[in-house]
Each structure stands twice: as C-alpha cells, then as structure tokens.
Amino acid sequence: MKLYRCERFEGIAGLALCEEPDPPPPRGHQVLVQVNASSLNFRELLLMNGAFRDWMSPNFIPASDGAGVVLAIGEHVRRFRPGDRVMANFAENWHGGARPRHADTLGRGAIVEGMLRERVVLSEEELVAVPDHLSDEEAATLPCAALTAWNALCQHAPLLPGQTVLVQGTGGVSIFALQLARLFGARVIATSSSDAKLKRLVELGADATINYRETPRWDEAVLALTAGQGVDLVVEVGGAATFPQSVAATRDSGRISVVGMLSGAPSPGDGFFMRGLSIATIRVGSRQDFEIMNRAIGLHKLRPVIDSVYGFADVPAALRRLESQQHFGKIVIRHR
Amino acid sequence: MKLYRCERFEGIAGLALCEEPDPPPPRGHQVLVQVNASSLNFRELLLMNGAFRDWMSPNFIPASDGAGVVLAIGEHVRRFRPGDRVMANFAENWHGGARPRHADTLGRGAIVEGMLRERVVLSEEELVAVPDHLSDEEAATLPCAALTAWNALCQHAPLLPGQTVLVQGTGGVSIFALQLARLFGARVIATSSSDAKLKRLVELGADATINYRETPRWDEAVLALTAGQGVDLVVEVGGAATFPQSVAATRDSGRISVVGMLSGAPSPGDGFFMRGLSIATIRVGSRQDFEIMNRAIGLHKLRPVIDSVYGFADVPAALRRLESQQHFGKIVIRHR
Amino acid sequence: MKLYRCERFEGIAGLALCEEPDPPPPRGHQVLVQVNASSLNFRELLLMNGAFRDWMSPNFIPASDGAGVVLAIGEHVRRFRPGDRVMANFAENWHGGARPRHADTLGRGAIVEGMLRERVVLSEEELVAVPDHLSDEEAATLPCAALTAWNALCQHAPLLPGQTVLVQGTGGVSIFALQLARLFGARVIATSSSDAKLKRLVELGADATINYRETPRWDEAVLALTAGQGVDLVVEVGGAATFPQSVAATRDSGRISVVGMLSGAPSPGDGFFMRGLSIATIRVGSRQDFEIMNRAIGLHKLRPVIDSVYGFADVPAALRRLESQQHFGKIVIRHR
Amino acid sequence: MKLYRCERFEGIAGLALCEEPDPPPPRGHQVLVQVNASSLNFRELLLMNGAFRDWMSPNFIPASDGAGVVLAIGEHVRRFRPGDRVMANFAENWHGGARPRHADTLGRGAIVEGMLRERVVLSEEELVAVPDHLSDEEAATLPCAALTAWNALCQHAPLLPGQTVLVQGTGGVSIFALQLARLFGARVIATSSSDAKLKRLVELGADATINYRETPRWDEAVLALTAGQGVDLVVEVGGAATFPQSVAATRDSGRISVVGMLSGAPSPGDGFFMRGLSIATIRVGSRQDFEIMNRAIGLHKLRPVIDSVYGFADVPAALRRLESQQHFGKIVIRHR
C-alpha cells in the first residue's frame, strides 16, 4: 500500500511517499480499515518540524484524522462489520471518562501511526461510526478539530441555551465551535481580520462579528455586544497575543477553554483572578465524547466546512496550503 | 385593590372576588409590583380543592404565576427600578443552588400569597426581569410551567445536542419542554390523543409524534423511532398510568424527569433497575434557574403557547377551562 | 487447568469441577493472569439458578470477581508487566465514562467467562492493579461489591463530608458502603437484625445503628437520629420490602442509590415525588472508577471484611454459605 | 455601640475606634446580631491600604468575618430565633448556586459593613448557624478562610478520597485546606519555610511536608512523593512566585484552585497547556456552601487553628500581627 512517512524533522521537505506491505489480517478485536480520506491539522506541521522531537522519533506516518470503510474484522469484534463507515478517535486508549495515562495520539510515531496511508488496522475500541449524511471527505475533518471544539463547549460544564460564546478566527476548531455552539442554542460572536471571512461566518450562523484588524480593541466590542457583561465562554485559540483581551471579554465567573497557543503560552493577568474566571485546557476527547458529538452532528445534519480537497499524490501542496494560513475550514486529502 | 381569595376548599365555588386595601409602600429590599397578568396551573385546582389541606389553610390568594411592572422600590433595592417589567419566582427563598428548607411557594397561603390580585409586594430577591420580546400575558405563563420544563431537561445533567426527549401530551409543562428541548439541540418525540394537537406539536418543532389512542403501545413506537434504543430522557407528567411504558421507552442508563402525577405515584418496575435508569423529581426551580432560562427564551425569542386569555372578572371561567383539560398551552388572566 | 462450569441451571447442583487446556499465550493487548483468589456474590446464585436464562446459556464459568498475578503479556501491552498483581473489572468494555452499549460482565457465559479457574486471558484494558496492602484474598472481594458501593456513594454526585448515609444489613455491598462512606467523611447509619452484627458494624465505623427487628419502624429511628430531616443518601439493597421506609428516611431532595432488589422492584410512592427525591440505579462501574476507588482504598489501607475463605475444591460449600445469608462480609475462594 | 472605621486609606494608621448609635430594631427579614468575636484576613490590610480604592470609599467598618448571637428578629424571620448563634456569610446576596452579579462582600464599605463592631443588622438570608462545638472565637475564623478553602477543594469537582492535595504555607486558607482535605479522605502534602511549622502541620494531619527553603525545587519533591505523577489539586495561594512550580507539581489533567496572589498574577506557562491542566479562581462561596461546609465541620468537630486572640481595644496590634506574616492560623478579636 501507499503511504507517507515523515522521514526527517524538516517539515514538508522531510515527507516521503512510500510503498509498503499491506497490514496483516485483523485478529481479536482488530479492524482493518480502508482509509478513503484524511484531513490536516496545524499540529501536523508542528510534528513534522520536530516541535516535539524530545518525545518522538521521525519516520512516522502523519495525520491523525481519517475516515474510511471496514474491510475486515478480527474474530472478537462486536462493534463493527465489514462495510461499516468509520473514523478513528484522535486519542488512542481514551475510550471514555478522564484521559488515562496510557492514552496516545494517532500520527505521533509511537505505537500508533497516522492516516496518510491506504489501509490501517486499529482496535474496534478506537473507532466510531460515520454519521450517515457525511461524505468520507467531510467525516475525515471531524476527529481532531470538531471534537476539540465540542469539548471546548461542554467538557467542564455544558454550554446552555442562551449563553454567549466567543470564537476566534477561521481555523478548523473555531469554525466547528461556531457551528456546534449553535446546536447548543448559544449565541456566537466571531472574530476575523477579513470582512469576506466574517460574511461567511455569518452565513454559518454567527450572531455577531468583529473585524479585529479594524477594531483592535475587540474585547471592548465584545463588551458592547453583551450589555457590558462579556461572554460566558471563550474558545481561545490564539494564546499569549489574544489572551488578555479574551479575559477582558469574559463575564464575571465565566470560563475560557484553551485549545491552542498559536502565539505562545498566555498569562491570565490580574483581571483573571479578580473576576473569578476559570480556564480549562482541551486535549481533544474520548471515543465516547466523539460518539456523543456525532449524534448531534447527525441529527442536525451539520456539514463540516471544507476549504479544499487534494489528491493523495498532492499532500505536499495540501500542507503548503495549511502553512499559508489562508484556508477557511479544513484541508482534506482524498485517498482514492 | 381587587383580588381573589379561596375562602373555602370547595374548588371554583370557594373562590371570591374581594376588595382589600393596597399593600403598604415597599421598604428595605421590597418591591411593589403591579400585576398585569397571571396564568393558571393545574396545581391551582388541587389547592383550591384542599388536596394539601393538611399543610395549609384556606383564605389564600391563588395563582403562583404572574407578571407586571415595578411601581415602587424600597431603599435598599438594587436589582430593579420603577418601570422594570418583572415576574416572581415560583419558589420563594430559593435563590440559587439546592432548594433550601425554608423555601415556600407562591399561592399556598402561608406567608406568601398568589398573583390573582392587582398589586403585590415582594423581595427583590424573588423577582426576575421579563424577556423584552414577551407581552405580560406571555410572561405570566413562565414561572411554574416553563421553569419546571427547563429543569426537567437540565437539572441533574444538561440535555446535549443530538439527544432525544419524549414529552407527553399538551399540558403547559409538556409544550414548554418541547419548545425548550429544541433550544438544547435535542430531538423531540411527542405524544397526544388527538391528531389535530399532534399537528400543532409538529408546528412547534416536534420531530416525531405518536397518537397514543391509536397506538396504545406507544412505548414500542418510541423504540421504533429510536433504532430500538429508546429516548435519553422522558419528561414524565402522567404518573402511574404512563410510567411503565415510559420506562420501556427509555434507553439503557437513560433518565426520567418526573414533573407530575396526574394518575398517581408510579412504580418503576423491574425493567427500571435492570437497565440502569435514574429518576429525578422536579420541583420547579430557583430564581437563578429562572434567570438562566430567560436568557435562552430571550435569545431565541421563544413564544409561550397561550390557549386563551380571560379578563380579571372571568377567573372562574378560566378555571373551568383548565378543569376541562381541553386546553392547548397556558390559560392566562389579563388583570387590566 | 482446573475450573468450574455451571453445566445446568440447577444452582449448586449444576456446578462441575473440570479440567481443560490452558489458555493460549497472550498476544496483542492480552494478558495471561494466574487467578489466586476469587470471591462470590449473590448474583452467582441467581445466574446458576437461571434467573437470566433468557439472556444467557449454561456451561459458563461462574464468578465475576478474582485477583491474581500477571504471568505473561502480549506484544502491545503497556499497562502491566509479568509479576504485577491485578484484578479484572466487573463490566467488560466499560473503560471509563458512561456505560457503553457493548459492555458485558464477567461470569455471564457470553464472550467473557468468570474467575473460578486457575488462569485467564484478558485484555489489559480490563485489568487494574491491586493496592499494595491487600492480599489476593482481600483483593478478590473488590470488583463487584466494593465498586458497586463506591458508585452508590459518588456516581451521580459525590458524597460530601458531613452528609449522612444509610446502609442496610451486612451484605458485601453494605459493608463496603459503610467503610467507603467513612473515607468520604460521611456519617453512617447502619441497620441489621442482629445486635451482634450491629456491634461489628460499629467497630467498622458506623456512627449509629438500628436493629430493624426490634425497631420495625426503623425509618422513624433514622429521622430521630437526623433531627427529623432524614439522611442525604440511602444505599438501597432491599427492594420492595424496604423501599417505602427508605423513602421516609431520606431528606427532602435527597437521593437513593439502588443496588439490589432482594425483595423485588420497589414502588417509590407519593412521598417520593412530593419531597423531590431522586433515584439512581447502580450497575457496578467502569475500569476507571475501579482505579479511582483503589487509590482511596490504598491510601486509607482499607481492609475488606472477609467472612470465610474456602479452598478451590470447596466452592460448593462456599456457595452454600452464601445461600444461607448468614455471612458477614465476603466469601472468598483460595485457588492455590 | 463601639466600632472601628477605616477613616483614611492609610493602613492601620487610618483606623479609628468610634462610638455610634445602635442599629435600629430589625424589621421584616432582618436580624440583630451581637458580634462576640471577629477574625482578620490579609484582605483587611489590602482594603485599609486602598488597594481597591477605585471601587470603594474609605470610612468603612473593616472585617468580613464575625460570629455572635441573635438579639432580636424582624416579623418575617423564619430561619433564626433570639439566642441562636450565627455567623454572616462573606459574600452578601450570594445565597446559593453561581455568584449573582449583585453579590457584595462584608467589610467593603458599600451598602454592607464589616464586623469590627458590637452589633449589626443583617438579613436572615445572610446568616448561618454556628456549629455547636465551636466557641465564638473559633466560629469567627470560618466565613472567609474556611469557606475559601472548602470551595478550593470542591467547587468545580469534589475532591475524592484517595486523591492528593498540595497546600502552601501556614496562612488561614492553607491550614483550613489541610484540615478540610482530610475530611474528604485526601492525602495532603504541605509546604512551609519552617520545620517548626511543618511539625505543626503534621500534627494537623499533613501526610507529607516539604521545607521549601531547604528544598527550593519543592515541585520535584512533590513529584517524588507522588510516584512522579504530581498532585490532583493544588490550592494556590502564592501567585506568580509559586505558580510555575505548582504547575510542574500537578498531574496530567489535574487542577489548580487559585485563592490568592501574594506575589502577583501568575503565568501558567507552556507546561500548563501541554498537560491539560485547569484553573479555577475561588471567590469564597455562597451561604449554601457555608451551610454545607458547616455540617462537615460539625460532624468531625474540626477545630480552627487560632494564632492569637486580641481584645476589642487591641485591633491595631492584631493587624500588626497579621502584617508580620508570622502567624500560624487565624488572628481573632474578642469583642466582649
């Protein structure tokens, strides 16, 4: 089968398209999956650039997110049958509840390997069913970005109808956070540096938008939109550069779900503690979280926003698109 | 001012329209409210018929639910100003958190008195603001029925988007449960004995309906609508007559919020315990719950369903309408 | 290896001591465990008598609870090494969070098999480490009874220091509930029909005891012990015969964890709903729950109460002891 | 009556002992309390030094914490009777649930006033009963420090038996956190710069101690005490100077309750987000929280640690003792 390996920590240049033997037939609780599509996260670039070289070796297969169809199952498998459409959970061994110590993540080159390949064998415990209304390309966008957004909204305390959420920018997590927050009945305020993108966010359901380039004190704009109180929840993706304003834009006793640190680790500042805020760090989620989210996605026929779809031979181009940060929504690889 | 008193535990016949002195001016944390509208709950008839005569005396002013405008405030009041539109919380002294032991309920004739009057003095702690988009008549429907429905959906564990809720019939709580469950992103299955009423429930957002007269084994119909699994949550209003079927219609580890016992106390039966269900009894809610619900009602411009509006002189006719159980939605009294 | 099979649904008479081939070497995530001790639950008798014959076949290996040592591991195992002391979780496939639909339980004769044998192969995901201070005999008592007691105390809402718990009788779950409730800082009221047993419950930490034979209205005795308010939590093991009194002995808005139905399914009655109680049904718990409980057991060096220890050849005698209901604490089988 | 006023934001020098008329008789829900003892928090010095001068005026009566006896009650009071022993909750108007926007705190010189006086009138909703076993001096230590410690342990998720908590130093909150964590069945690791103080912490129940002067990398010492994993919960009182080490001493997915910032606002750092930690800021708690905590204190006969007791005339000396930071436990004023 064909697959990609990150042979050296040199970013896109370190990537190689390889041909290797097919995985052995599944046994026990194993499932053989034909990967029909995968999607890319910014994390792929971090890993390929060696940002975590202290904890991992090169020569891994990148991409945590994929979707496909069950080709064969081991003799003890009860959750799936050949022909079922499936996705793999981002965090291996995290089946439900709190994250266990032996959890690992697909595409990190340890025991587990990523999805940039034609076929993969995984335990049935790591797989979830694809919502019927989604294509493989759409399903491939969910494992990391959508589940991160879902848990940012409800991991520590579920968002309630009528509450207000602030989402930042147009990355995959932020767009999913917007779409999912609407399913919780929340009001969504979205920021971007581009009026064209803000227009698309409104089409996706944003109740109010702020162009943070035109309005550098976007925190004050948020307060103005919330009768001076601030939002109930911020889905923080920016990190140090945005955090102080996120704090200022959050209501007393509100909370901030931190899902990314594009600009480094944030410092909460005095206001944070004076006003009783709380912070939760989101590390994607469990297989059970994934299944619960998929019920919502299925019921509401939520459609992931896809920026672009590339062929399996064009993964380097897809990664360059990701690197450009010009995308709106997810970048997908079609494997066949 | 004019008001109604239940002078004797003789149901509607025991009710008298009286003229009494106005309340004294508000002082301290007190607020004087002009009651512009009130609404009726089945509980009013129970109280007027003496169902709780062991715990209360006659000669009380009925009706827990009302809405109006602040006329004057005491010197310490900070939450409201004259001219603010307000509703009173159903459970007095229950401001937030768990129900305190000294909680009491409006319209029970103890210290507190009901809303079938022109003016009332209450502590600012018992009042909440009316969502802007609601008329007084609409606001008057919320305190008991809507808050009961809200807490039936989220008191013990918030309903999540994608989950399925079963609501029973077309009483006030059930219709609010349908409308509110939609705000949580849930799927709603509704039952009624009338196709005409089911049609209206669909207009209000029900995803599926069952005519329990035509389909006496409505629990099996629920299973058929949920891939054999049952619903995540039942908002149980029927009691003994419906409970066994409610249990059968609930998924493994699901839950039942009991808000009424029209047909007496239910017995869960073996299935209940074999399948890991849980039961929560709902006793309306706190002022803080009320405020949180109102944010959702305000954001989504939810409109309460009003069956009929009566003038203040026509309270007996309004109560007969309630007694008939022919209503669809809430029965409201316009005070002026 | 030697093992017991329930060959026919004829209770103890249907049990046979057999000799069968050893399990194959563990592979993948499998672990080969030498079972050094097992313990018996009342559920064993129900299964052997065919109480669940509609859902299972005879010829199964009984006993869900066992403890032993890892003999060998498959090539992917990361949680355990040979020589580690382990117990198996009661509910197979329930690793954390809510109970998944494909959960199954040891000793039910489906895919999984029980512990009355010398060696067993299980997935590493099903095993937990034995707290250091416990013998194999003591560890073997934990999987079903202790974890049921633990979740009865904290599954839906953790017991808080200062709250009061009622435990009933001297079965395995009730004694564990007493011991564990003490670790939560709770006050424990215990009932029994024997003063001698009550004396032992006091030695184990019961703050107050009631002889329900001498005081048939033990609910009134509970109220007297709680300033007329009732307990915060009842760990209900009796079922129909005790439930109405359990309801009467519970405070307003309190809760009842139902873990058994020795006398059939209970009916909550009017008081239940008037007073805002809630019921949760406990179905043992997840592997993660088990690990969390074990930390408490380890820190406090909690010692399970063992009624008696039988040799592997004496399982029928041990089951008769269980059947007699004269035991105080757990009945254990030593396998070697 | 005699009372103290902070006449100018000049710290202890700005304090004056005054004589003013007694409060008027209580009416409605008001309660007249004779304050028998009060206690001091570091916050008193901050307020008297004008740290919050942007939000408050001088001339206030300091000290949020006091205990005494009910002298008289208004005509609607139901929770207390003359002769009852009571404490006032720290946060006014916060009766239960989430902190409401109109919550205020005693001793801030707004509507509410502090406890350094002989008599005070408060709403019955702001008062809680004193646990029977406590003296007035002991009770006066609870409102701010003990409730802060309690909520640091259980506000966002109750501490479970078997978990490990890190407490820092020997201030009031830290000592209460140690004592209360023991009631939850937790293991407590405590730090101090003095071996003599560490000895006393062990006597109070600390399971392990670290002298952070002798062991500047106390975070590594914590890891060594927890098998390399870190604690489940840190009760953080230090702020910027300690936070990075607190993060390093916390286990994956653990949490930090921030209750103070002696050394300024902390910055979580990269490790915080990589390891999935969460932060909650504690702002004391509601009256209901206070009542729930008092049940635990009452059941376990927990005795607050009192550093020293001063007469009412010696408040300046008591404040100097507080300023010295040499105290171990709470500094109390006896009013009569």
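Here are a few things to note about the model shown:
Just so it is clear, A, B, C and D label the chains in written order, and each chain counts residues from 1 on its own.
Everything that follows uses one rule, which is that a contact is a pair of C-beta atoms (placed from the backbone, for glycine too) under 8 Å apart; a residue touches a chain by one contact, two chains touch by 3 or more.
Note that the structure is predicted; figures quoted are calculated from it, not measured.
By the document's definition of touch, common neighbours of chain C and chain D comprise A, B. For C-D, the equivalent interface within A-B, B-D or A-C is the one where over half of the contact pairs agree by residue number, namely A-B. Inter-chain centre distance (chain A to chain B, centres taken as mean C-alpha positions): 40 Å. Within chain A, residues 98 each touch two or more of the remaining chains. Chain B meets chain A in the complex at residues 154, 158, 160-163, 180, 183-185, 187, 292-300. Per the touch definition, chain A reaches chain D in the complex via residues 98-99, 101, 156, 229, 252-253, 258, 261, 264-270, 272-273, 275-283. In the complex of the two chains, the chain A residues touching chain C come out as 27-30, 76, 78-79, 93-98, 100, 102, 111, 123, 125, 286, 288-289.
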